[in-house]
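Input: one structure, supplied below.
A, B and C label the chains in the order they appear, each numbered from 1.
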Amino acid sequence: MKHLRMIGLALAAAFCAGQANAEELEGTLKKIKETGAITIGFRDSSIPFSYLDDNQKPIGFAIDICYRIVDAVKKELKLDKLEVQFNPVTSSTRIPLLANGTIDLECGSTTNNADRQKQVSFTNTHFLTATRYVSKKSNKIGSIDDLKGKSVVSTSGTTNIKQLTEANAARNLGINIIPAKEHAESFLMVETDRAVAVVLDDILLASFVAGSKDPDAYVISGDAFSKPEPYGIMLRRDDPTFKKVADGATAALYQSADGQKLYDKWFTQKIPPKGLNLNAPISAELKHEFAMPSIPPIRISIRRCKVSQPMQWPAYCMG
Amino acid sequence: MNYHWNWWIFWEPAPNGTGTYLDMLLSGLVLTIETAICAWIIALAFGSIVGVLRTLPSKTASWVGFAWVEFFRNTPLLVQLFLWFFVLPELLPPSWGLWLKQIPNAPFYTAAIGVGLFMSARVAEQLRAGIGSLPRGQKLAATALGLTTAQTYRYVLLPMAFRIIMPPLTSEFLSTIKNTSVAITIGLIELTGEARAMQEFSFQVFEAFTAATLLYLLINIVVVTAMRFLERGLAVPGYITGK
Amino acid sequence: MFANFDFDVIRRSLGYLFFDGMTFTLTLTGLAALGGLIFGTLIALMRLSGLKLLGRIAGLYVDLMRSLPLVLVIFWFYFLVPYIGQWLTGSSRPIRVGAFTSSLVTFIMFEAAYFSEIMRAGIQSISKGQPAAAQSLGLTYGQTMRYVVLPQAFRNMLPVLLTQTIVLFQDTSLVYVLSVPDFLGAASKVAQRDGRLVEMYLFAAVVYFSISFAASLGIRRLQARISFVH
């Protein structure tokens, strides 16, 4: 009996050793296998994608997606235990920290565009959003041109501040652009009247307004600085094996019923820590994305619908 | 090393429409110099007053000077900038606070005043040491000649004290220039801030920071050389600082 | 004036502020002071050694670190340390370095320049008779430094070294630019999350002031005690 067991173990060991030789690990998968840990980069105020709850732990829509990717990696590498470490990132540190190996996955609200694809890679799109601004109703900012000569804040390192800068130069608006370190700080500047408007992705603006002390005082702009752009979870470039795992995990999630449930959990139900409900049902475009996961560039030619109430989640109409 | 070098980035147009990335950095350099000079003027003005206060025989004056220096020396510069920028407008009556918050170049003025007052404590200490190092006979002789305290300071003590403390004051001025970089936290986009912005727009981290480093070294060399000329020009022949 | 301020937010976040923030700050200060002192003494010895090349390199290093703003050095090392780690260990990709490690490396390298100037002054203030006597007793250079010169230099410059440590303690607040959770960063996070800027920043100022002021009073007392005529 003892001998049989030993032979069995030896065969299993030989089999496993053979397996390990067969697939040569490289890149991030190699690093994860060697260190037994994967590091996720999280944001501290990108509600509801990646933010800190009351116990200073990272939670969010993108974080949950990343947990799925972690499960897929665990299965792929056949590990019993995979330690998940968290590392805070900001809009301006996320790409350098990914490139220099501090984080393996950036799970937040990062826009996927051609410029960034020169430095990093993205997995399947998990959201679509356009750049808008929020201002206090009392400031009566009706359109982007009303921002002429005023102080406008945005977060450093985002596509939003870049688009704001470009629009400012192109339309000669003479806006005084104030960069802030994080989204919460940007919104706070408008709350305390240091800036008349904050320019960010519209879903983030909606979540800040909804969670503020006086949501009715604010209005999300009708004008957008850009067409809707996709969010993606960032990975390092030139790492095909890891990307395959991530793409597979995200595609499987989005195409299953779990994907819709996960979306509803964060966008149409109450979310921690204050029980906020964003009331943003899934848009037709995102549903389309989930059904056929892709990585841009996607051509979205849509017209923005007329928004009947200022606080309503702006809808995108095809046509 | 998976970092893509691109030294031609400096000649590529910057997204803020003002020209190339190099122009961005140079505009940051100009802002650094402007802020540093304004801060230094404030530092010299207040520092001289407080330094003199600390050497006066009056107990109250001495105590006021002590409190000033200890307050500005024991709080980090960053915390001081936050107090001026974020806290002060909230403590003032609402209309004043609002006005303060909406001044067009609020970060610049806050940085100049904040850094200036921070450095004034150090200038005060240097001046106190400088006055203290003068021979006791100077003050006594001035009194014997019938000069009032004010006249003693103005005509006898301060001219020599300032000449003595010129080398430490040079390094304090260089410190002032370096300290303006802390103001990026309140939104002043000076040289370090522009290098950071360049890094964020172009993803060329090391090129941006190398350029900023070289520019700071350049500032240092220029200031040190200029101060050396100033020292030589103002030196009193035959005195300990004269050559 | 203080009517609509909620100072209770300080009490509620005390745990986070002190257990996470202050421990980070104090640990960083302590380790950076130690590392900076050791590395700084090394640099001072390099400058004072007879060898021209060593002295030149050390001099250049000190001048470079003293010409650059600390904020810029913090950014440099934050992005550079993983690549240095990769080069040092010969691995195929940059090493993962946490925020604490990269901050520690930054402050050690930066403060070493300042500590080296202090130690250099200290070593030079020792009368030439000391190393001469040591040499005549047959001690090697290493033994002279270790048993005769450095202990005396250290004791003479102790007040200045401690003052520089207080400056280092205040400078650690600059890791704020990296969104690293030191004391000021923690206070700032609470401030922005709850919209309580005034309360948190005033509290942070009071804490930094108390610690620095108490420490500088302590140094003054120490200075009175150890100053002796020799």
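Assume contacts are C-beta pairs under 8 Å (C-beta built on N, C-alpha and C of every residue); 3 or more make two chains touch, one makes a residue touch a chain.
The shown structure was predicted, so the numbers you read here are calculated from the model rather than taken from an experiment.
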Overall pattern in which the protein chains touch one another (line/ring/star/complete/other): complete
Pair sharing more residue contacts (C-beta pairs) when A-B is set against B-C: B-C
Centroid-based (C-alpha) most distant chain relative to chain C: A
Geometric centre distance via CA averages, chain C-chain A, whole Å: 37
Chain centre separation (chain A, chain B; CA means) in Å: 41
Whole-Å gap separating chain B and chain C, where each centre is the average of the chain's CA atoms: 22
Set of chain B residues in contact with two or more other chains: 2-3, 90, 185, 196, 205
Of all residues in chain A, the ones touching two or more other chains: 96, 99, 181, 192
Set of chain C residues in contact with two or more other chains: 79, 83, 86, 93-94, 177, 197
Chain B - residues contacting chain A, complex: 2-4, 15-18, 90, 98, 101-102, 104, 106-107, 185, 187, 189, 196-197, 199-201, 203, 205
In the complex, chain A residues that touch chain C: 27, 31, 35, 39, 44-45, 52, 56, 87-88, 90, 93, 96, 99-103, 181-182, 184-185, 188, 191-192, 213
For the chain B and chain C complex, residues of the former touching the latter: 1-3, 70-71, 73-80, 82-83, 86-87, 90-91, 174, 177-182, 184-185, 192, 195-196, 205-206, 209, 212-213, 216-217, 220
Sites on chain C touched by chain A in the complex: 16, 20, 78-79, 82-83, 86, 93-99, 177-179, 181, 189, 192-193, 195, 197
Partner chain B, residues of chain A touching it in the complex: 91-92, 95-96, 99, 116, 118-119, 151, 156-157, 162, 165-166, 168-170, 176, 178-181, 192-194, 236-238
